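Heads up: the structure comes next, in structure tokens.
We just call them A, B, C and D in the order they show up, numbering each chain from 1.
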Amino acid sequence: MTTLSYSVAIILMTMGLWAMLSKKNLIKKLMGLAIFQTGIILFFISMGAKEGATIPILDHHGYGGIYSDDYANPLTQILMLTAIVVGVATLGLGLALARKIYAHYGSFNEDDILANLREPNE
Amino acid sequence: MSSQWAFLAMGIPFFTALIMGSVGYAAPRFMRWIGATGITLAVFASIGLWSTVSTDEYVSYFFGGWLPPIGIALEVDRISALMVLMVHGVAALAYIFSLKALPNELPASKHPVYYTLYFLLISGFVALAVTGDVFNVYVLFEVCALSGYALLAMGGKKAYVPTFNYVLMGSLGACFYLIGVGYLFIKTGTLNMAHLADVLPTVFFSRSILTAFILITVGLFVKMALFPFHGWMPNVYTKAPVSTLCLMAPLGTKICVYVLLRVVGYVFSMEYMTNILAVQPIMMTLATLAIVVGTLYVVYHRHLTRIIMFIIVSEIGYMVGGIFLGQMDSVIGAVYHIAADALMTVTLVMVAGVVRHCLGGDAIADVAMMFRRLPTTAIAFVIVCLSVIGVPPMPGFFSKFLLIKGAFMSGYYGFAVALLIASLTAVFLFFRFFEGYFYMKTDNTAPSVIQEPWAYRIPLVVAAIGLVGFGLSFSYWYGFIKLALPLGLA
Amino acid sequence: MLIAIEVGLLILVPCVAFVALWLRDLMSAVIVLGAYSFLMCLVWTGMGAVDVAFTEAAVGAGVSTVFFIAVLFNTTRNITFNPLDVSSKLVALVACLGFGYVLLQGVSDLPDWGDPYSPVNAGVSTYYIENAYADTHVPNLVTTVLADYRSVDTMLETTVVLIALLGIFMILKKDRPAQSDSSDTQAHDSLIIRLSARFIAPFIQLFGLYVVAHGHHSPGGGFQGGVILGTGLILMAMSMGMASAKRLLSIPRMIILAAVGVLIYAGWGAVPLVYNGYFLDYSVWESVFGSMARSHSMLIVEIGVALTVMCGMYGIYMSLVSDGGMQEGL
Amino acid sequence: MIINMVLVGLVAFGTTVTHGGPLHSVFNALVGVLLIAGLLFFLSTCVGILRFPDFYTRLNAAGKGDTLSTILMLVACALMVITSAHHVDRTVVLSAIKIIMIVNFIFIGSPTATHALLEAAHWSEIKPWKRNDPPC
């Protein structure tokens, strides 16, 4: 479990990076971005996990003492909430741009778009 | 409480943007007055912050009243106060310029939204310069980047493809930075910059810190368009509207350089960078290459906007080189150059915008026409060119002098040579523009002088005067910056 | 806990991600990506991050899938193929290998998974867990840290949603409204769908409000509640047609509401400035609310967040699906 | 409605059952039976989706089997929440009621979604499968 969850996070990030760099389709690139970001989130969440801890909501309003070992780390979760929301905002903007590109060049494919760009009378 | 200035400098543009967003559709007539009030107040706030820092040296501001490792703090030293002053000064100039430039570029129905994003972008830049929390930097990167994407995409049909690439590259840079922060966080358990600087020396010799260093620097390099990662920048900036460019080109990359200084100089410490990692040769090679490549492209291109973009690429090389040289003088030179270069770039971009709008193009021939027809612009252009070349009373001279001095002191002669070559190229470039005035056959025989609108002339004149003033007051700034430098500089 | 299930999920997740990237039909790839997000939620729930899982379920699996589909609906779902470009693949391969290598190098000396005494878990977070309830009287620690200790982050994050809404609106907006041929926008109207959407939508809204208001005691809060409220509106827009959706909440009104949402947040935080306190320092409200000052303030800022996120998600959907024209949609 | 009544009755009855009594094991067995039945229906759904020849028949399998199996499993969950609690208090009953609400929404939402898909297929003129066509 120690290396597994970090490794999975790294695999996901690498996969996302691969898609962003090598895929020709703009939508696939955005999917790669989404996968990259989930990889990062998994990385952060797994660093804040604790063996045998419960969710970070205090039982019975903290009555009977609060022990930090009993609750998962809230800090990493906040950071990742931020990252998720930022991710969806970026995704929306990217999709809007992809939509505009499709409207002008009639394709999501990077090569077609570049070929179209070079044509002088486009 | 004088430390309130630290918040007001970022809060005033933020609230201005929100008020604009709320009333923009109901009362579009008031937009420019709200904006003018906001930017004036913001400039006052930054001056207040500057004077506070001149006496107190250091201002901390704790959001929510929680002390740093628990809450988020703004930490303003003298350098960041200078950066705030720079951002607000440039933003004020750009705002005045955009009042006239924007109606030429965008339909009026988009103006309220445009200015909302514009002010959010300004507040994001300011906050990046003053925040003291490494994760907050990521969020602010995204605030700046997203509003930047939207503003840059306004350049019309040609701008969409470069902007899409910029979305990918910008997100990639921010993600790299975030992973790096993750590695730092997992070894130290804190996100506050000052606290990190305290905790890090105990874990200096671990691989994860090395990984964190690599990822953070690479992420910042992508964001600031240093040489191997510069591909996205010239394309997206040349296609953007000029009023966006006035804000993005001077500040977007410079602020990232400052963040790099903060992260490398204050969090990792210069000692880690030079003695433990010994990455200095790699970084200096990158910086030198950036200068050389930028210079080559400058010679190659024939349009003013594009030339400015590659000047930026090489100037980024100056600053990164100055930071990684690790000498006291070179770091002062780099910081001074960040501010000077922001002023120079905004002037150059405004000149390009005026030429584009008044003369209909920005090729070399059009620029040469400028000397005949737009005298005010031409004078500003000459002044800024002198500064780019590095003629003595101008700020470009002092920063270059300090950088070359630092390069010689630490033995990176290649960097010094690259700087000199860049200066020579600037001379060449300037004369290429200027020769057009003498030798070019103009097709219409009696070129008439046109008057630029006031909204173009005021910022140009102010920027030119500011440039000269910034150069003349160099000794003051030298002492001012020197007191805030990171520890461990020779 | 059930380690076996978690290991299985962790192995399954990259496989599903691979399939999502590998599929040649964009619509199917988007659906698989939604499934991937959902599996990710399960993994995070297993690690005790319920709030993150909730957000991912609402945002990653829900709304972003809808955004993808909204774009694909207007464009194409096919991928065109060009001859294999070896050099770019090679560059990407080298970059990915380098990146993976650097990351794996860093992993080797990280603390163990689930170690309660690792620096992350023993550092600042201990303070949050042990003192948050005494400081704020809110049992959900995530909400506490989100809306009080690190509230500037949250404010900026809400701003990011606002920026995305404004940016997408500005990018997609047509300069002139297109000639509206509203001939067959309602052609595919179905009674069953409309009725059941009408029946379910109020419950969705109610649930969204519950999530916003109950975020102090259970997983949830402004973001999740806002997204749920937004999906309720999206459901109405899908089933009732674009025209009635615009009657419900037009785009300018939506932008104003989204800005007002952030303004509620920032304005509430700016009140302490009058009393010479720090920005977002809720303790000045103690004269009004007593010891619950921070708790109530959190509720108010969460309402601001929910307003912005609701308008943001709905506005982004409307812009994307109607191609900025706001004339016709799904 | 009837399902709801039955469910609420079951849950209410479940709350009265004491730990370790004979009825408790009956309830546990009921949970097991419901879970297994749900899994079986899921299995048949999978087989249907894979084996049926065209879109309409596949959707038939998916829509019906999926709804029923999900509901069965959720009912099992609702009962399990009650029976596995050490002592029945407000939060336990609330969770059970929430699960019953989910059952209701799935009961409405899932068939509507199936209907929407079918209608979309009809509009895009996908022909139903005839006996002699090759399976697509």
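One rule holds for everything that comes next: a contact is a pair of C-beta atoms (placed from the backbone, for glycine too) under 8 Å apart; a residue touches a chain by one contact, two chains touch by 3 or more.
From a predicted model like this one, the values you see are computed outputs, not experimental measurements.
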**Study point:** Centroid-based (C-alpha) most distant chain relative to subunit A
**Key:** D
Review point. More C-beta contacts across B-C or across C-D?
Key: B-C
Check your understanding: For subunit B and subunit C, what's the span in angstrom between their mean Cα positions?
Key -> 31
Exercise for review: Would you mind pulling out the distance in Å between where the CA atoms of subunit A average out and where those of subunit B do?
Suggested key: 28
Check your understanding: Distance from the CA centroid of subunit B to that of subunit D, rounded to the nearest Å?
Key -> 59
Review point. Which subunit B residues reach two or more other chains?
Key: 135, 139, 142, 146, 149-150, 153, 179, 185-186
Point to revise | Where subunit A touches two or more other chains, by residue | key: 13, 17, 47, 76, 79, 82, 86, 89-90, 93, 97-98, 100
Review point. Out of subunit D, which residues touch more than one other chain, so two or more?
Key: none
Exercise for review: For this assembly, give the contact graph shape among line, ring, star, complete and other.
Suggested key: other
Revision key, fill the gap. Touching pairs of chains in this structure are A-B, A-C, B-C, C-D
Check your understanding: How about subunit C: which of its residues touch subunit A in the complex?
Key -> 1, 3, 6-7, 10-11, 13-14, 17-18, 20-21, 26, 29-30, 33, 36-37, 40, 43-44, 47-52, 55-56, 59-60, 63-64, 67-68, 70-72, 74-76, 79-80, 82, 85, 88-89, 91-93, 95-96, 99-100, 103-104, 107, 110, 112-116, 118, 120-122, 124-126, 128-130, 132-134, 139-142, 144-146, 150, 153-154, 157, 160-161, 163-164, 167-168, 171-172, 217-219, 223, 309, 312, 316, 319-320, 323
Study note, to complete from the structure: Per the touch rule above, subunit C residues touching subunit D in the complex are 188, 190, 192-193, 196-197, 199-200, 203
**Study point:** Interface residues, subunit C side, partner subunit B - complex
**Key:** 102-103, 105-111, 118-125, 127-128, 148-153, 156-157, 159-160, 162-164, 166-171, 173, 175, 252, 255-256, 258-260, 262-263, 266, 270, 273, 276-283
Practice item. Flag every residue of subunit B that touches subunit C in the complex, lowest number first. Key: 1, 4, 7, 11, 14-15, 18-26, 61-66, 69-72, 107, 109-110, 113-114, 116-117, 120, 127, 135-136, 139-140, 142-143, 146-147, 149-150, 153-154, 179, 183, 185-191, 206-208, 210-212, 214-215
**Study point:** For the subunit A and subunit B complex, residues of the former touching the latter
**Key:** 13, 17, 20, 26, 29, 33, 36-37, 40, 43-44, 47, 76, 79, 82-83, 86, 89-90, 93-94, 97-98, 100-101, 104-105, 113, 117
